[in-house]
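Structure, as structure tokens:
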Amino acid sequence: MSTGILLQLAQTLLAILLAPLLMGWVNQCRAWLQGRSAPPITQPYRTLRKLFHKDAVIAHNASPLFRFAPYMIFACMALAAGIVPTLANDLPFSPAADVIALVGIFALARVFLALAAMDIGSSFGTLGARREMLVSFLAEPALLMVFFTASLISHSTELPIIVQTLAHREFAIYPSLAFAAVAFWMISVAENARIPVDNPTTHLELTMIHEAMILEYSARHLALIEWAVALKLFTYSALGIALFLPWGIAAQGDIAALPLALVAMVAKLAIGGAALSFLEAISAKVRLFRAPEFLGTAFLLAVLGMLIHFLLEV
Amino acid sequence: MALAYHLQIVNLLAALLLLISFAMLSQRRVVGLVTLFAWQGAALALSTAIVAWSTGQHHLYYSAAMTLGLKVIAMPWYFYRLVKKLDVNRVVEPMINIPTTMLIGIVLVIFSFNLALPISEMSGTVTRSTLGIAMAIVLLAFLMMITRTKAIPQVIGFLAMENGLFFAATSATYGMPLVVELGVALDVLVGVFVLGIFIFQIRETFDSLDLKHMEKLKEK
Amino acid sequence: MMETLPLLPPDPVQWAWGVVLFWLALGFTALLLQGSPRLLSRLVFPLGALGALAIAGVGAAGLTLPISSIVLPIGLPDLPFHLRLDALSGFFMLLLGGAAFGITVYASGYFRSMAAGPLALLALWYHLFLAGMVMVLLADDAYAFMVAWEVMALSSYFLVTTDHKIPEIRSAGFLYLLIAHVGAVSLLLTFGVLQGGHGDYTFDTMRLAEMTPFWASVVYLLALFGFGAKAGLVPMHVWLPEAHPAAPSPVSALMSGVMLKTAIYGLLRVTFDLLNIQIGWWGTLALALGLITALYGVIFAAVQSDMKRLLAWSSIENIGVIIAAFGLTLIFYTDGKGALAALTLTALLYHALNHAFFKGLLFVGTGSVLHATGVRHMGHLGGLMRFMPWTAWLTLIGALAIAGLPPLNGFVSEWLLLQAFLLTPGLTQPYLNTVIPVAAATVALAAALAAYVMVKFFGVVFLGQPRDPALHEAHEAGWAERLGMLWLAAGCVLLGLFPAQVIDWLTPVVRLLVNQTLVNDGNWLMLAPVSAERASYAPLIFLVVVVGVLLLTFLWVRRVYHGRVRRSDPWDCGYPEQDARMQDSAEGFGQPIRQIFEVFMKVERETPDPFDRNPRYRGASLDKLWFILYEPIARVTDWLSQQAGRLQHGRIQWYLIYSFATLIFLLIFTTR
Amino acid sequence: MEIFWLLGIPLSGGIFLALWGCRKHAPEINALFSFLTLLAAALLTHRIIEQGPMMVGDGWFFIDSFNVFLVALTALVAFTTALFSRPYMRIEEEHGRLNDQRLRLYHASYQIFIAAMLLALTTNNMGILWVAMEAATLATVLLVSLYRTPASLEAAWKYFILCGVGIALALFGTILLYFAAEKILGSGGTALLWTHLNGVKAQLEPTVLSLAFVFLLVGYGTKVGLAPLHSWLPDAHAEGPTPVSAVLSGLLLNVALYAVMRSKVLVDGALGNDMAGNLMMGFGLLSVVLAAFLIKRQTDVKRMFAYSSIEHMGLITFAFGMGGAVANFAALLHMTMHSLTKSAIFFAVGHATQKAGTQLMDGIRGLIRTNPTIGWGLMLGTIAILGMPPFGVFASEFLIITTAMHEHPWATPFLLLALGVAFASIFGKVQPMVFGETELPKLPYQPALAPVFMHLGLVLMLGLFIPPYLAAWYRQAAHLLGG
């Protein structure tokens, strides 16, 4: 148990610390793929440090909600990172929140971000908030359906137990999971504001979603949000790994497997990040009103996966 | 066996009444209508008297007398005065033309005979077959009320209906209890009185007795 | 009456009856107090609130104590009022009392500015309304139930038309009462089938009545129609978006938060208690209707620009979710899956309870906004968070709760419902296996859209810059209002944090209806409906962790870095003429949803052409059902009445012909 | 003994008022006589409760629980209507719509009318019953045309002719009844006594009685206002003075239905099948549906409520047609409730129309602004007549509809439809009359609204609590009607 607690804390901290690294790695890969000279992989850390040191500039009419939101978002993401098994899957926290709650956490963070964006009342903020909610109202149920498929297979909504069943027992092929995987990919692309739904590097108001929301933020608040974003990306990647290629994650209480698990994780993340940046590099940003179609497809795929599970695998 | 001849007379009178109702149905002039109405009353009174005599039901004499007084003398006279006063005695076309009315009338007569047949079978009275005729008279009068578009003919139709009822009461059932008959007579009297007032009111409001002035109250 | 009602009645049901009498007395004394509005708002309403609290207590008692019942000396000669308090009524009374207390406390402040005469009448109807709802829950025979039901409808109608000088409000009230009455008549028919004959209308005899499947289905359909009309089930929902905005806000809160639940209560009562057979397809029907309602409601909520209308539509959505849960319960119950039925039923009851609190909270919140600004159209609001922080923060709690976000209460019921979907495999009817995933997806979609709606609601009303200079004078709500809102918000939080306890309370109800209980495998702070490794959720830990991380981060940032803050204008993207009107309007925020779901709507746009001197844009998304369902009905009745009118066309000859024809017809008819 | 008071007081009242004319206090005297009648009725009722059914005047009068409650009801409504008509008629005179000798006519015929109805209720002789019905018609004809406007004359004419024909057919039915009866009871006075007929009803000749019932039903049904014989009713109610509309729809229709029921009992006994019941159910349903759809088109408030009377009479007839203890009980209850409520409504409507100076509903607006009592009276009355609890009309409708659903489910869709349409139409039209803004003037005299609220109070009470002895009455009566 005590080891469990330690492991829990370690994992969470690890996630928080490694998240920017993953971000940096993805950016680096993309730069390479686009034939640019890449920033160093530690660039995100520097950015955060710089931002933390700056003076915060806040609009006159900003309400307390505006300043409260970044902390809230960061906390939500930390919690999310805490309940996703990355190294080992005895996580004392995880009973506190299962996958459905996980979706809830993401939603909570999103709602606060959107509200904060509307708080200033600049036309960009509301625009960004609206677009964000538009993307999410399709992405969120789709994500839920993906989780449902997994939990229907493993008869549980507890992530550790899902991983347990998927990884640590005799291998079986689940066609439903294939659908779920594709859907999950599309969802995470959308949720993490990547191409083709959104472009993390743009500031062109015609296209931007996420950036439009955080336009008013600066300094430490911005830093926290950026960090939360990185953390979100990390969490999603970890989720994808946990659901679709869980092998290597240490089982309940065997500490010995941890180093291996760490290596496995780093490798998977590296590959995943590269893949993400590759797909980003080859695909083009879609028009905003294509985004619902994109996510609708994801939603349908997820539901289809669940249906297939009901029809073939029960 | 052949019926006793006073009964034959009753049946004859019944036939006469029926004939008169047909005549009324085809009569275009108001005065003629009133005359026919008077004749009908007379026949009715006579038949009542005969029934009274043949069956020895004395209160039927009162009925006969009442009929004579009311329907042969008082009312016709009253109507003559009315018609003269209001000067409404001109030819009026009924709503449905006469031959058609006649045809419908014949159908009605057959219908009411068939209706009355099973009942007459079981009737204890000697003059049972008259019930059908009485019903026929009622229905014919009803028909007349429908076809007439003027106030007075309609009223006369109404009274003719009363005649039919009265005939049914006397000849088919030897008369109702006296109280009832008195009541009926009283009602008829009052009714005619009220009608008189009415007709004057109508006259002075619409200065005509044509019912087509009285079609305002309806659903738009 | 004294002998049935000793001064200190020992039975909870007698307490309840006592409170009802108390409310009635209060209402009628209010009529006498017309002279002094202060007394009305400062005395009558608080007392009424105490009554509500007492009702909540009685309900709690009714959950645990054995069934108690009394027979009142009023009613029909062969049928005096039978009152009965079992766990089901107890739970709904708890709901009623809990929500009504907060709302009434709020009302005592809200109505203080009203003129004395109308206020007295309003107080009368208000307390009649409360009493009627309690009587609906207590009634144990058809007559008492119907009387209470219609009293409830009638008093709420008068409450809705409080401001009857405005024609829209009058027509809203009319529509409301009409649909309520039609529903009531269909309930009459329900009881007509259920009754034992010879005028025996007590629920006890109905419980014993043996029904053929056909007649049972007739009962169920009639009940679904009747109660659905009251609950706002699509397509009988049209009155709801009209009536709720028309009513004064505390009344809207009561109607939406509590009155709709009485319909749910009735549905449960008839389906699980009075009927003693249930059939599977009933559940499928209810599930389908519920899901359609949920989706329909939330979509329309997203495109509204009147804040109370928006909330009304969101009530329709929540009712849809509840009815869907009801359908699932039926499906599982008829399929012999008692534990699952228990789970969904728990979710249903839990959601009903939650909705009472957060919808009540949101409605009274809009009430304060209305008081402060006099504006209902969101297009003229904005930035109120700075002028009325209490209202804003408390409303925020309600908004987050209704959006189904952890760790608040809305999430718990949603969580339970979704869990139920995950446990479905192995139902005997195979077609359900295809229905369930779609159903789950729809519920999830509705939930996500609810979040959209709430961001729109809160963001447009309370955040951003005031869209209207007058808003700078907006004043904070008074202490009574705040107290009421605080109570409701506390309800939202506590119901969210201690689900295990709440589910313990619900156990007797669930046992009563589906004679199965939901075992909580977790402990007092962890909710694990089926088994701990299947699923678990511990909101308290959740909250502690979030808050902990939040504080740590905050302190760490404070500690390590300086906390300097500089204020300046928002960034205008190099375009200095930005003003408040350039924020997203309510219509703008709903526009994507409208674009996606336009099939359900009849959109009316009024767009200016480029050369308009003072261009104005107007867009309204109307309920298509109104045009494809209700207007044809109206047309048909019109046509029929026109034909009927033809008969009555004035000529006496024709009238005589009618009599004549009738006579001849009957003569032929009888003698053949 | 009371019976002679009961009949004598209004009769002498009529004669007296005819002679007294329109001197001072004629309205008060009118009310006084009605009050005395009410007292007599109360005494009689008391007697019946004490001693049960009884014959009076060597069998000419027969009073049982069925007609005694109608007697009480009639006397009561007659009294309250007299109270109401006092200020109402005064205001009418103010407005110059009436003059003295018409008021004399009004008061005299009012009393005669009451006398005739009481006679019809109490007599034991089917013939006298007929005579009384006819007398009641004649007494009201001139009241309907009291204003002497073309419209009122037309209405009165139609009323007279249609009801005259109807009543004539009823007489034919009575004759047939007698025709059947004399073979068993022998000719002479006793053969038409209802009690005697009731005793031997099983032996009466079925074919004759079925024929007789058709005539009686069509005849008296015309006066009940059953569709399609109802055509006179809306005109007469709309064009006559409001007190007359109130008593017509509150009382006369009941009495006519009473006559139908008396004959139904005999026919049921003779035929042994439920032919009569089915006919009545048919008529009832037709009336309910037709009236509901006609209500929708109305623009004149009194006309609308006249149609609503047709609807309710249809409902009652339907219930009687269903038969059985519950249905009959409900029908009797509904009779009472309808009389009280509908007359109350007419009182309120009367004053409302006087305020607005028109009977068109578009002209009547925002009553509760200027005259809250009239406004609330009309609103509550409407709610009550639409069958909203806790008013008593709901109680009877509850029983009727549930019983219908239980015994004749096929009929309920029609009822549901009709009730829905009627509700929508009436409430939709009344709401704007009561609510909203207005600039209508106040009335010259204080309107008499005590009767309105007294009636509504009674209806409300009966909706929540029916006194045991009243319930016992209804039960006996229901049983008597073949429950």
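Descriptive notes on the structure:
Should a chain be cited, it is by its letter among A, B, C and D, assigned in written order, with residues numbered from 1 in that chain.
Operating definition for what follows: contacts are C-beta pairs under 8 Å (C-beta built on N, C-alpha and C of every residue); 3 or more make two chains touch, one makes a residue touch a chain.
Everything numeric here is computed off the predicted structure, so don't read it as measured data.
The pair with more inter-chain C-beta contacts, choosing from A-C and C-D, is A-C. Relative to chain D, the chain whose mean Cα position lies farthest away is A. With centres defined as mean CA coordinates, chain C is found 36 Å away from chain A. Averaged Cα coordinates give chain C a centre that lies 43 Å from the centre of chain D. Separating the centre of chain B from that of chain C, both taken as means of CA atoms, is a distance of 70 Å. Centroids built from CA atoms put chain D at 31 Å from chain B.
Counting partner chains per residue, chain A shows two or more touched chains at no residue at all. For chain D, residues touching at least two other chains, in rising order: 157-158, 161, 165, 169, 207, 211, 234, 294, 297.
Chain C has residues 644-645, 648, 652, 656, 663, 667, 671 in contact with two or more other chains. Of all possible chain pairs, the ones that touch are A-C, B-C, B-D, C-D. Within the complex, the chain C residues that touch chain D are 73-78, 142-143, 146-147, 150-151, 154, 161, 164-165, 167, 170, 173-174, 177-178, 181-182, 185-186, 188-189, 191-193, 195, 197-199, 201, 637-638, 640-645, 647-648, 652, 655-656, 658-659, 662-663, 666-667, 670-671. Chain B makes touch with chain D in their complex at residues 57, 115, 118-119, 122-124, 131, 135, 138, 142, 145, 151, 154, 158, 161-162, 165, 168-169, 172-174, 176-180, 183-184, 186-187, 190-191, 194-195, 197-198, 201-202, 205-206, 211, 213-217, 219-220.
Those residues of chain A lying in contact with chain C across their complex are 52-53, 55-63, 65, 71-72, 74-76, 78-79, 82, 93, 95-98, 100-101, 104-105, 107-108, 110-111, 114-115, 118-127, 129-131, 133-134, 136-138, 140-141, 144-145, 148, 151-152, 155-158, 161, 205, 215-216, 220, 224, 289, 292, 299, 302-303, 306-307, 310-311, 314. Residue ranges of chain C in contact with chain A, taken from their complex: 382-383, 385-386, 396, 400, 403-406, 411, 415, 418-419, 421-422, 425-426, 433-434, 436-438, 440-441, 444-445, 447-449, 451-452, 454-456, 458-460, 463-465, 522, 526, 528, 532-538, 541-542, 545-547, 549-550, 553-554, 557, 560-562, 564-573, 578, 580, 582-584, 588-589, 591-593, 595-596. Taken together, the chain C residues at the contact with chain B in this complex read 644-646, 648-653, 656-657, 660, 663-664, 667, 671.
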